[in-house]
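What follows is a single structure, and I will ask about it in a moment.
Here the chain labels run A, B, C, D and E in written order, and each chain numbers its own residues starting at 1.
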Amino acid sequence: MGIEQIIFIVLSAIAIAAALGVILSKNPVNSVLCMITCFVAIAGHYIMLNAQFLFVVHLIVYTGAIMVLFLFVLMMMNLNAEIEPQKRNWLKYAGAISGGALLLVLVAALREASLPAIQTSSASDIGLISNLGKTLFTSYVVPFELSSVLFLSAMVGAVVIGKK
Amino acid sequence: MIHLVWLVPFLPLLGFLINGLGRRYLSKSLTGVIGSGSVLAAFVISLLIFFEVRQPGFTPQVVSLFDFISVGSLHIPFAFQVDQLSALFLLIITGVGSLIHIYSTSYMHEESSEGFARYFAYLNLFVFSMLILVLGANYVMMFIGWEGVGLCSYLLIGFWFRNTSYNKAANKAFIMNRIGDLGFLLGIFLMISQFGSVTFSEVFTKVPSLGEGSGILFAIALLLFIGAMGKSAQIPLYTWLPDAMAGPTPVSALIHAATMVTAGIYMVARSNVIYTLAPCIQTIIVVIGLGTALLAASIALKQNDIKKVLAYSTVSQLGYMFLALGTGAYTAAVFHVMTHAFFKALLFLGSGSVIHAMGGEQDIRKMGGLKKWMPVTNITFLIGCLAIAGIPGFSGFFSKDEILASAWGFNKIVYILALIGALMTAFYMFRLYYITFTGTFRGTHEQEHHLHESPAAITFPLIILAILSVIGGYVGLPEVFGAPHLLHEYLSPIFAPSAPYLPAHELEHSMEWILMGLSSGLVIITIFFARSKFIRYQDSGVPNTGIAKVLENKWYVDELYDAVIVKPLMVLSRFFEDTIERSGIDALVNGVGRGVKWGSRQVRLVQNGQVGFYIFAMVIGMIILFVISLFL
Amino acid sequence: MPVQYYIFLSIALFCIGIMGVLMRRNAIIIFMCIELMLNAVNLLLVAFSKMWVDAGRIDAASAQLFVFFVMVVAAAEVSVGLAIIVMMYRNTHSVDINILSRLKN
Amino acid sequence: MNALITTAVFGIVLMFVGLFVKNRQHIKYYAIAGTIIAFIANWYDAQLAGGGTVVLHGMIEVSRFSVLFNAVAIASTFLYFVLCGSSFEKVGNDVADYFALIFFILSGITLTASFSNLLMLFLAIEILSIPQYILAGADKKNLKSNEASLKYFLMGSFTTGILLMGIALIYGATGSFSLREMSLGTGDISPLALCGIILTGFALAFKVSAAPFHFWTPDVYDGSPTVFTAFMATVVKAAGFIAFMRLFHVSFAGGNLSQHWQLIIALITASTLLIGNFTAVFQQSVKRMLAYSSIAQAGFMLFAIVALNETAAQGIILYAVAYSVATIGIFAILLKLKDYTFDGYNGLARREPLLALVNTIFLLSLAGIPLTAGFFAKYFVLSAAVQQGNLLWLVILAVLCAAISAYYYFRVIIAMYFKSGEAETTEPITTGFKSALVIGAAVIILLGVFPNLVLQFL
Amino acid sequence: MLTVLLILIPLITGLITFGLKGPGAKVMSLLSSLATLVIAVIAWLQFQTAPEALRFTESWIPQLGSQFNVGLDGMGMMLCLLTAISFPLIFITVFRREYDRPGAFYGLMLLSQAGLIGVFTAYDALLFYAFWELALIPVYFLCSMWGGERAVPVTFKFFVYTFTGSLLMLVGIIYIYFQTPDHSFSWTAFTTLHLSSGEQSWLFWLFFVAFAIKMPVFPFHTWQPDTYEQSPTPVTMVLSGIMVKMGLFGVVRWLLPVLPQGAYMWQEAAIVLSVIGIIYASCIAIMQSDLKRLIAYSSIAHIGLMSAAIFANNEQSLQGVQVQMFNHGINIIGLWMLVEVIQDRLKIKDMNGLGGIATHAPKLAVMLVIVSLANIALPLTNGFIGEFLMFSGLFQYNPWFAAVAALAIILAAVYMLNMLQKVIFGESNTLTASTVDLKGGEMLAIALIAAVIFVLGVYPKPLLELVHGTTALVNATAWVK
């Protein structure tokens, strides 16, 4: 078992444990914190997969911005206490079971897929900002421009919805 | 002259149209002239045709007017066939018809002018239909007339349409006729599928090829005979005829005695080849004819309505005619049709005269001694009774004797039964005569005051018919008399095709004399018995019991039919409507609609408003679809 | 290292996200779980990207750019989503999704 | 391409119009002008594209089909603005923003017909979804509107996750996002690709509100401000189908690929038809009935995806026109009524005979009666499925459902014509409104007699 | 071109009539229907010499290979004539009646006429289907809007019922369309197509159900009595006089030539259903006391016979059916006219409340008798020829079926005579004593019908010759494929 695999296992374990923490913790703030942990673990995977730029963006956007936003909203609403009314238990179990069933189904389906392996030893520079930037502004310029429309509408929307 | 044969039915049709359409504008006398005149003119033409047909060497001629139905290989022309049989019937129909028309001008005089015109229109329409029936050159033409006469009978029975019971009688007549017609129609279809034609000449030439005793032939013969049973009031379809007496009396005379009811005989005589080749059916005809003759005669014994007696007598006589047909004595049957037309029309008209005089009273128990006031009616009625009873010298004697002779040839038991029927005939006719015309008057004073002999328009036809009733028989003198049997010779071309297949029943002359003497003697004895019983008849007022009650109630046949056919039909219909239609099919159809609505009410509950549940359902759906697509 | 590891990891995270959505009633937590789902996808994409790069595909950068766009969209979605949740909170003083169930049947 | 740019630009323009134009009634004229200009711009695309296609960096591919669909979408939006534009201000104060959002949606719609990369599909769907979440919640004080918005948002983003997972798996199997370049093979399909196809199928089925992913539809359509429901239920829905169809037609239909997913889509179609039609029967509110009817109609449109052939493409375009125009018209009339229940229509034929007549034509079209565009729309999609050969059971199910659908559409007609009542309108009906409706009805009838008028452009 | 005119005149005038107010509408519709009649007669004359000239083909939907292809064969010509004759008669009968919103009423009537003629002339399956529905929609509105108090649900049932049937037929049409080599809807392509017997077998039911509902054949008939009862009488005339012929027409024009083997396979089943229907409906008719329901059930019985005869599919039965289509149309319209008059005068349709009309309204009574007799197929009325040939044809197919079916002629006599007795005979009551006899227009219309009854009853040759071509054609294709 190489070092990569050990790192993979550790990171994965952290990610899954944190993810479970998100859905199981009663206190929403704990959930957020678990979420952040999970994201950090995922960011670790990004490094391992030579996606350096994404690692940075991920940390900044998700952990830095989005999760903070969530936390902020939670704080603003004063929801830090365990005030969430419990779902009826059977629905909770049903949710867990059906999610698990979906997991099983997908795993069963994808178990047999024959795919090229990942060479963890070989490092590529594809994930560097210069490479990505070049592609982004050449062949991906159309979606890039279009995402501005998306942002505009999200902005307008947030304003329309948000203002009193 | 023969090519003008279309005029014969056309003239009454014209009369019908004029009287029918102009019934509001024509005066009664004009109506009467048009009505009677058209039939009289037709009679004259018929007479001319008859003389032409009588010429030796005459061959049947078909006058085709136009194509009625023409489909593929099936051609049904609108054509008239003139031959000995149709010419004879033409004479009977137009002759008796004219007399009855003339009679009616007086008899119906109390009707409003519109009703009067309507009456004559119907009557003319009837004559038209009847002429089509006998003139038609194929079975479809015959069927047209067949249904046409049924319609006219319906219209005339219900002539006084305000009376609901008359209407019911009319309905009954029509529906019973239709039952027969159904058989006739099926017979025609069978003919079409078998021979590809319904034209007499073609059918009759193709029939022998099927061979004697062929099943198809049996079927055709039987089906046609069912038609005849309906129209000619044979068991089991006879009950309409007595009820049909609801119509005006001349109508009873014309339609329900002289002409329409003999259509069945005409048809069987016309199709003689078919019947001769289907001996099994002939036996059935004999049984039914004889049964009808006896049953009706027995009922007539106890009837008190003057017209009902005559009606049952008609049914009974028709039974005799079928008996003759069944034994293969076609000529005898036609002969009896002719003589019966004379004396039965006479009797009916006579009874009409009586009813007229009695102011509408029909119950013979309320009459009596009428000969004092109505000499002409009395005499003519008596002649009619003698004729129908079969007193030697009168027409009925000759025709009935011929029938009895052929019955003897066929089967001795049949003969005996037929003879018993003849005796019953004599008995009830003279019972009727004596109760009505002799003794003392039993009606009200008012009626007595009103009694009078009928006017000339009524008595004239009576006299003519009385004469015919006497002499009408001499066209068919029995062989033993040595004189030629004119009618037999005249009609022989018609029955020639079946002659080879008929078993010969040559009677010994001595045997014939014996039979004739036996029947005459017995009849005369019976008449005297009736005379002793009824000449001084007084209504006892005691209700009949036992067999007499059964007879008075006509063997309860109407009640039987009601219980066996009408009631079950109603129950069935009710079952169809209530159970199958409403709670079955319609409920099912509506149930589908209700089911959709019910389903809708249930399905919409899934949409419970909780987004958590929605997502859950989506996930479940995904899992199911995944499993289906990946692992199935 | 077989790419299956990453596939299973991603699917596991993805399904945990789904479970969260199904199990929780707090709109914000549910939304977070959805973000978790998106991140699982992102991870998978990056893994595939690496896989195809190693297999010699030239345009393999596209997957990483795709992830980038997913993040962009997620950010936009978050802004709108939180606005909606805040709006709901203003009106109902709750973020329980089951509070709002007037529209049904 | 031009349509995309103009609509996006007009979205921005209208944001500013809101700042400078004080009379809010006038804003709609700018919007209407925007649609006209977009239509013309789109027309130039058609000239440009000619018979072939224009490809932009492998991301966008403008073909005759996409231009035609853009034209249909823009024209429907035009009709929508004309008929419903004045009702915007009843929702809230940010009228210009609403128009802007609709233009943004429109730019997303133009993408659905021309994307040639999964990324563009993803973006397109997001561009047309996010503004919808907002429009659904535009009536901020109204709890129903809140609810609609929240439901739509939660379920929509959940589905985005599903869609992305599908895309990721497809990428894993093929190494490309490009519709043309990805090769899913013709023989054995990789399980990755299969799962990907199914998951994207689920996500798109959600967007077109096919069962069992339809749950959002009635609630969102019901809860949203009616004027926006009119848009969401029509043009946007049609765009979802176009995207669905385009993705499956271009990428997933080669060789015998379709046999892997056809059964699933067929099952989805069947359940959509049943649920949509059955549930619509019992509704009391016309608005909610229309929501279910939109599910039912989606069931019919799904036939195009099950069949995926030339006829299906014609059918989906025709369906887009017939369905959009008719539903917009019905919603426009509904907007004028005080009472949204069936009883609210009682006696409309006496008060407003023209409105009733036009409404009847629209309803007949939705029910698929011949000589209305709806008939040919249904006809084409059904015949596409019959052509496929093995789906006859589904077609028969569909026609039986069509018979059920007659029930709830005719309920409206019955209320309008045969019931007595005072169908109260909230505002006087202007001549302009009436004439726009008549034009809509004329389009329906005209296409019902000569469907060729649209199909010839394909 | 004449054929197109036949469709266009009622269509356009119908649309115009919508806009007319007051008496203009009825005058317009009368004129329009007369114009249609004139065109129909001209077309008929042309049909004698050059039937091909009545064919009109124009491209309609090239994508589908569907053409606007209309033309007339013998049967189509006959039914067009029936339609063209019926509508003026109907308009004349109700000329004195004042309908609420006359523009809409008469406009819808004319539209339905256009649809009917379209159905009878279409030689393109898609066009046929379109007209099929076009004829239905106006009738739906007519019945619901001007019908009796239960009209709305009843008519709706009728609508959904027929709509379901026709949709099934549409599936069948589409299926066959894709089997044609060059993807065409034309009648020629359909009839020359060779479908396997398995396909024909199930396709048969798709078509048959549609036609059976329209006719209606037992057990698809339950919409009919209610609809007839609730509809305004002019609409009932259209429904029973002409629209039910659409189903029969459909079988002869489309079902038998296109799916001969299918028809052959299910021939017996179809006939058995029809025969059951004959007896069943006749029995129920006996129990009816409502005039309109009685006629409705009698119509079901008659139609059952026609349906049985069609499926017996031999020369006689087909000839008979076609002739009977015309004659039944005329007769039943006559019957409805008289019922309409009675109902108009006395506001009652329960027979038990009637009676004695003959005393006060002799013309009415005479006409009712005539039409009733024609309805029970008395010889020398037009009803006879058709029934005779149909029974005969059915008899060739199977004597037992014919025998059972023929019981209907007895049952028909039972209920029709019973009706006559209850309605016009007997003593009049206070209500019927006030009956006003037939007047001007009514008398004219009914007299015309009576004239047709007798003329065609005595001389049916023109009619037989007119439809002969169709029969020969159907027979030629029958059982071949």
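The definition used in the following text is that a residue touches a chain if its C-beta (ideal position, glycine included) is under 8 Å from a C-beta of that chain, and two chains touch if they have at least 3 such contacts.
The model shown is predicted, which means the values in this text are computed figures rather than measured ones.
Following the contact convention of this document, C, D is the list of chains adjacent to both chain A and chain B.
Common neighbours of chain A and chain E, by the contact definition above: B, D. Annotation: C-D is the more contact-rich of the chain pairs A-D and C-D, by number of C-beta pairs in contact. Greatest centre-to-centre distance from chain C is found for B, with centres as Cα means.
Greatest Cα centroid separation from chain D: this falls to B. Geometrically, the chain at the heart of the complex, using CA-atom means, is E.
Put simply, the C-alpha centre of chain B and that of chain C have 97 angstrom between them.
Each chain gets one centre point, the mean of its Cα atoms, and the points for chain B and chain D are 77 Å apart. Chain centres here are Cα means. That of chain A falls 6 Å from that of chain C.
Separating the centre of chain D from that of chain E, both taken as means of CA atoms, is a distance of 42 Å. Residue positions 160 of chain E are each in touch with at least two other chains. Residue positions of chain C touching 2 or more other chains, listed in rising order: 3, 7, 17-18, 21-22, 25, 31, 51-52, 55, 59-60, 62, 65, 69, 73, 76-77, 80, 84-85, 87, 97, 100-104. Annotation for chain D: residues touching 2 or more other chains are 119, 123, 126, 130, 133-134, 137, 140, 149-151, 154, 158, 169, 172, 191, 194-195, 218-219, 407. Per the contact rule defined earlier, chains pair up in contact as A-B, A-C, A-D, B-C, B-D, B-E, C-D, D-E. Chain contact summary for the complex, chain D toward chain A: residues 8, 11-12, 15, 56-60, 92, 94, 97-98, 100-101, 104-105, 107-108, 111, 117, 119-120, 123, 126-127, 130-131, 133-134, 137-138, 140, 149, 169, 172-173, 190-192, 194-195. Contact residues of chain D toward chain B in the complex are 150-151, 154-155, 158, 162, 191, 194-195, 198, 202, 206, 211-213, 215-216, 218-219, 260-261, 263-264, 267-268, 275, 278-283, 404, 407. By the touch rule above, chain D contacts chain E in their complex via residues 314, 364, 369-371, 375-376, 379, 382-383, 386-387, 392, 395-396, 399-400, 402-403, 406-407, 410, 414, 417-418, 450-452, 455.
Residues of chain E that touch chain B in their complex: 157, 160-161, 219, 221-223, 280, 283-284, 286-287, 315-316, 319-320, 356, 358-359, 362, 373, 378-380, 384-385, 388-389, 391-392, 395-396, 399, 402-403, 406-407, 409-410, 413-414, 417-418, 421, 424-427, 458-461, 464, 468, 471. Those residues of chain A that touch chain C in the shared complex are 2, 4-5, 8, 12, 15-16, 19-20, 22-23, 28, 31-32, 35, 38-39, 42, 45-46, 49-51, 53-54, 57-58, 61-62, 65-66, 69-70, 73-74, 76-77, 79, 84-87, 91-92, 94-96, 98-100, 102-103, 106-107, 110-111, 113, 115-120, 122, 124, 126-127, 131-132, 135-136, 140, 143, 147, 150-151, 153-155, 157-158, 161-162.
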